[in-house]
Each structure stands twice: as C-alpha cells, then as structure tokens.
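Each chain carries a letter (A, B and C) given by its place in the written order, and its residues are counted from 1.
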Amino acid sequence: MDIALQLTNLTKSFPSHKVVDGISLDVPKGCFYSLLGPSGCGKTTILRMIAGFAEPDSGTVVLNGRQLNGLRPYERPVTTVFQSYALFPHLTAAQNIAFGLERAGEKPDSIQLKVKKMLELVGLQEKGDRLPANLSGGEKQRTALARSLVVEPKLLLLDEPLSALDPALRKRVRIELKQLQKRLGITFLFITHDQEEALTLSDQIAVMNKGKIEQIGTPQEIYLTPATRFVAGFLGAVNWVNGAGVRPEFTHISRRPPTNGARTVQAQVETSAFLGDCFHVHTRTGDGVVLTVQVDHHEEQYSTGDSVHIWWHAQDELPVRE
Amino acid sequence: MNRLRAIFLAPAAGFTVLLFLVPMSIIVGYSFLTRGVYGGVVSPWTFENYQRLFDPLYGVILWRSLVMSTAATLLCLLIAFPLALFIARAGARRKSVYLYLVILPFWTSFLVRTYAWMFLLRDSGLINSILLSLKVISEPLPLLYNETAVVVGLVYGYLPFAVLPLFSNLDRLDKNLLEAAADLGATPWQTIRRVVLPLCAPGLRAAGVLVFIPCLGAYLTPDLLGGGKSIMIGNLIQNQFTTARDWPFGSAISLALMALVMVLLMALLRRDGEEAL
Amino acid sequence: MKQSRFLPVFAGLVYAFLHVPLLILCAFSFNSSRFTIWEGFSLEWYRAMFSDSQLAEATWNSLVIALVSTFFATIIGTLCAYGLWKRNSKWLSGSLYLSLVTPEIVTGISLLALFQWIFRYWQVQLGMHTVILAHIAFAIAYVLLVVMARLRTAEPALEDAALDLGATEWQAFRLVTLPILKPGIAAAALLAFTVSFDDYVITSLVAGVDSETLPMVLYAMARRGANPVVSAISTVIFFGFGALILISERMQKNV
C-alpha cells in the first residue's frame, strides 16, 4: 500500500500550551482519511502545518516521499478547502476555479477546458459566471471544492467543509463528496468534529484529543472496538455498567429477567423519549447509574416507574473499561 | 514574506522618521536652547523656556484655551448626543443619508466654514444687517472678535467629531434594552439617564477627547473669529515662530501642548482600548 | 415606547445650524451688492473670481500640490496599511496615529524647523517641493486610517486561499487583496485630496514666495474684510467638494 502523507512526531506549541503533541500518522494513497476530534484538539493546526501556513516546532511532514517542512504553501502540491470556503468575491465561480491553473502558468485554452469539465463534475455548469455573492451555500462549497481539485493536487485538505451547511443539505453533499473522491482517486484528509460525518465518509479515522492521537482505525474498528474511554464516548453513546461499556443498540430491556445467560441489572424507568424512528428509554439502576436503551416502535412500550431488567451479551461489551 | 512587508513599510517609515519624528526631535531640542539675536537658535542650553510657561502673561492664554476648549467640548457633546440618538434610531437607508449630511460640511473646507461665520457675525454681517433693518437695534452688536464667537466656531467646526463616535456607540447598543427599560416602567427620560447614558459612556469619552484635542490646538478659528483679544495656544505658537521669532519658546509651548494631548489620549486608550478610535 | 417629537425637531435644528450658514453664504454670493442686503441677482463676483490672476495661479498650485501629494500618499499609505495589517509595528502605527492628533500648528512649525535646518547645508528654499513633501507626510496617516478600517473587515483566509492555490505573497496581494480594497483606496485618495487642497496652517508655514495656495489667498482676503468674491469662491468649493464626497459615498456603497 502506497503512503501519500506521512506525519512523524509533529509538535507545535503556543505560549500557553502544547497544541499538537507528537502526532504521527500515515495516510495511504487514494484514502478518504479523517481527523476526528473536539474543538481545540489541534486538528486545524495540523492541517495548517500540512498546507504550509504554519511550521511545526519539531517533526516532519512528508508527501510522496518528499519533505514539505519549510516550503511555502504555493510550493506544496497540496490544496485546501476552507471552512468559510474563502472564495474570491470579485471573481466569478469559473474565474475562482481557474485561479490555481493560471498561477501554474497553464495555457488559456487548457484552462478553459479544465474549468468547464470541473464545473460539470460538481454540477455547476450553468453557474460558472456567477459571483460568489450570488451562489447558495451548497454552490459555494462546490465551487471551493472544484477550485482546489482542478489543479490535481497530490493531497486535498478539507477543513470542516460541511459545517456551514444546513443538516438536510449536509447529508446530500456528504454522499456526493464521497462519490467524487472515489471517482477522482485523490487522497483526502478531512477534518471534523462530527462523528457521524467521519463514520460515513472515511476509509480511515484518526481520533484526536488534546493534541494527541487516541486511536487510528477504520470506522467499524473505532466504533466497535474503541481503544480508550474517550474514543468510546466520542463516537457514540455508551452505557457504563459496573466498569463495562455497552452501546445502547446492544442493550436490551425486558420486564422479566433474561434467560439466555446474558449479563443483567435491575432498573427503574425514568423517561421514554420518542425519537421518531425509535424510543430511547432512560432507566436508573439501584446504584443511580443511568442506562439508555433503544426500543423500536413495535416492541413493548415502557412507562415511568416500571421495574425492568436491562441485559446485554458479554461479547457485545466494548474492549475498554471505565 | 518579511522582505515584501519590509518593502511595503519602508516608504511610510521613511516619511514618518524624516518628516515627523526628526522634526519633532528638533523641536524638543530647540525648546531647551536660547533665542538668537536675529531669530534662530543659539547655544546656551536652558530650562528657561519652560519656566516662562508659568508666567502669568502666558498663563492667561493657556487658561483661556482650556476654558474655551472645555466649553466647546461640552456644547458639542450636548448637541451631538440627541442627534446621534436620532440617527441611530433611523432606518438603515436613512441612517447613511443623515450621517452624510453631518459629514458633508466638514469635508468641504474649514476656511470656508469659518468665513461663513464671519459673514454672519461681523458688524456689517447678515445678523446685524437684519437686526438693524428691523430696527431692533440702532448700532451693530459686536458679535465677532470675541471668545463666544470662537467657541461657536469651534463647535461648528468639530461637531462631526462628536457625532460619529457617539453614533457608532449608540448604534451598537441593543435596541431591546430600550424596549425592556420601557416595559419595566421607565419613562423615556429615565431610560436615557439610567440605561443609555451609562452604556454609551465610552462613546462620550471618545467624542469628548476627539473634540477637546483639536480645540486645544486650534489656530484658524481663534485667528479669524477671535480677533486679537482671544488668542489661544495655537496662535501663540504661530506668533513665536513668525513675528516674535522666539523659536525656543514656541517649541516649549508646542511640547507642552503635545504633552497634554498625549496624556489625554493615553488616558482614553487605557480606559477604552483601541476600538475607541 | 412613545416616540417623542423632540428628537426629530432637535435634529432638524442641528442640521440647520450646520448647513444654513453655508447656504446663506452661497446665496449672497449671487447678490449684486457687496453689502449684506439683498439687492438683486448677479454673477458679478463670479466674473471677478475668474478674472483674478493671483487666484487662478493659487488655485493651480493647490491642484498640483493636492494631486501630486494624493498620488504618493495613497500609494505609500495603502502599502503601509497592508504591511501593518499583516503584522503590526507598534512604533510605526503609533507614530502615524500620533501625527494624526498632533495639532496642525505643531506639525507646521516642526516641519519649518526641519526645512530651515536642512537649508543650512543645502542650497534650497521653501517652495512647492517643501509643501508637497509636507502634504504627503500628513496625508499618509489619513490614507492609513481609511485603508486600515477597510482591511479590518477583510477575510484573512482569502490570501491563504490564494497562496494555497499557487500564488506568491506578492501575487496574493495584487490579485486578491488589492482588487477588493479598491473602493477603500479610492475613498482614502479622496480624503487625502480634500485634506491637502484645504490645508492652510501647515502650508502657510512651509510655502515659499512662489507657492501660494488657494487657502492662503482666501485667508488673506478673509482677513482683509468683507469680500463677496470670497463668498463666490466658497460656494464653488462647497459644491465642488460636496459633489466629490457624494461620488465617494456612492463608490463606497458599491461593495
């Protein structure tokens, strides 16, 4: 497997604290790789160091075998899709897209052709002559994407590019983005704090917290076998019972004790929240621990005050203890 | 990047050093020297020029400047506040028109605007002509060439400096605050006194300083509207550098004025930070 | 909350205070008599104004000085604003802002002292060149003020995006920031022009015998007494600059 990007022991400190603390990771060629973590965990700083807007205090950034440290952004075969899109307001969508090609010194005919193809690729054929002010949020995002892709970078950095879109649009764009990446085969490094986004889109995920990497793996690995308590809690809800963690979808509820050899505790129902596609039943054990169980419509319904048994299979427990 | 930035800053830096910092340093130097026989400056280094500042003869001028500047500033604030309030409450499109109307006279010509008041106030000026022809008075009123005329001229000249920061402050206030105050039973006057005024204290301070400083250093207004009797610090300085040919003394006065200006500015900056400007 | 009528009335009075004196001056510039009693409409004073050769020369000087200093001050000031926006230099921005609040009389005498001192070693005199230098010096701060205000609302990510796509720092400035700054630069230039054209205090101190400007002539005429030609000149200046300011505001809005 070819490695496109290799980060080795990257550190960056600001006067107050260490923002990036010894980060090492390998991004394979053609991979949709996500850096997932809460705000302030250092992922944007890492992005800036790869793009060339900041230099690491120590550690190397190597792309296709070539070290990028010390190179200015315009000397790196890396482009970025910014969170705010950063479209040039005085240029049309087509002119924005042409910008990188013009800097590279390409001939006008070639530029025109490439821009046209790229507009078609992102579905903006009719909107090429519009100024950014006359584009919708989704259109702006696609223009920013087109602009960064048309120069055929070896690596595309995406800084929370979907966060400014409304939820319905976000889901649609997500799918389009994934398809685009597969089609072009360009290596994507995607930054987000939204775990659903990371799980849906990525081939590999690196979960970060406070400047360090907590775990690297495929979406399934990270969700089903989290390596640390933080990863477990960040990727989804967890029911912690007696030191063991179980996801709500593997937690079951019944009025009578289970007879299948599963682990179980007794609890009392506190509330039952209707989420549209299911119920989340919140129960409290004798020790005061709150456990949430996912219950489908067609299953038995529970109401406040009911005494229930919460049970789960031992093999569904997370490998991580509380 | 740093080389590009250095190139960009170089011309401005050059002008600032050569045509601002160096001249000011020369003035500092001169303030400690002695007046030459034919004007110019000669050797003996001395504090005498600064000591002369305390001479009652000049003290009168300093005092007058302070009083007139304070009067002009207070008047400006009193006039500008309701006006700024009015503009801040206007609709978005009207706001820019109203602001434009305030700025417009200011940008045309200071000389012209000062002359307009001479035209109105002089013995043969419009006000006197009207009053005389209406037989309200039998002799022209001496409206020009006194301290009041100067204060009127200063207010007229620097009113926009008071309106703009006040407007900017008031405009940023949450309109809901005023509604809430009214809801809670405050009369408009109480609302203004208890809610609006404290919130636009920064604007008032900025406006006050931005008017007071130019008033203090005013030259044209007292020169044209004040006649010989109401000269201010600015006129005194000019006088020392031309007719009186006492550059060292003129320098000392200038530095004293600068010191006062800088103290006021520092105080404002410390209190309200850079956004005040 | 009941909208009292006090504010609009008060505002009206203030606007009257601000504008009526000038409008009266304009009106009486068309008065056929030189006294402040209306005697009939006449363009006599405008004719006198146009045929005054001293006035014409002074106006020409003012225009040349204003255009030259505006040109240089705008370029120098804009580049300076950009440089300071990238990374501030406390001494430079501090000095420039200080020069803005320094009373004109102090700026004027300090420049006079500088020039006289230089002239001891160099065979030069006060003249157009000293005036122009002085004007460039104080106009730079005004340009800086306007362009800086513009830059503060600019999105820094735009230049990052340009660099990201292959532009050098110079190209990023030229192709991205500069076009966006254009309206602000135009407004700054207009301000510099106005300030330069109108300046009396500094100019009167550093001008030579051959470099009389319009404000200097106006001042002398105003000092001498009632002169309707001054009213005529004032009217032209007022409407001329009024129109320029209007254009500037329109340009500023088109962003």
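What we mean here is this: contacts are C-beta pairs under 8 Å (C-beta built on N, C-alpha and C of every residue); 3 or more make two chains touch, one makes a residue touch a chain.
Keep in mind the model is a prediction, meaning the values are calculated, not measured.
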When each step joins two chains that touch, the fewest steps from chain A to chain B total 2
Measuring from the mean of all protein Cα atoms shown, which chain centre lies nearest?
C
Roughly how far is chain A from chain C, going centre to centre by Cα mean, in whole Å?
54
For chain B versus chain C, what separation do you get between their C-alpha means, in angstrom?
17
Where does chain A touch two or more other chains at once, residue-wise?
none
Name, in rising order, each residue of chain C that touches chain A in their complex.
155, 157-158, 160-168, 171, 175-176, 179-180
Mind pulling up the chain C residues that touch chain B in the complex?
1-2, 4, 6-8, 10-11, 14-15, 17-19, 21-22, 24-25, 28, 35-37, 75-77, 79-80, 82-84, 86-87, 89, 92, 95-99, 101-114, 117, 133-134, 136-137, 140, 144, 169-170, 173, 191, 194, 198, 200-201, 205, 215, 218-219, 222-223, 226, 230-231, 233-234, 237-238, 241-242, 245-246, 249, 253
Give every residue of chain B touching chain C within the complex, in rising order.
1, 4-6, 8-9, 11-13, 15-16, 19-24, 26-27, 30, 79, 82-83, 85-87, 89, 96, 98, 100-105, 107-120, 122, 124-126, 129, 133, 156, 159, 178-179, 182, 188, 191, 213-214, 216-220, 224, 234, 237-238, 241, 247, 250-251, 254, 257-258, 261-262, 265, 277
Name, in rising order, each residue of chain A that touches chain C in their complex.
51-53, 72-74, 78-80, 82, 84, 86-90, 99-100, 103-104, 147-148, 151
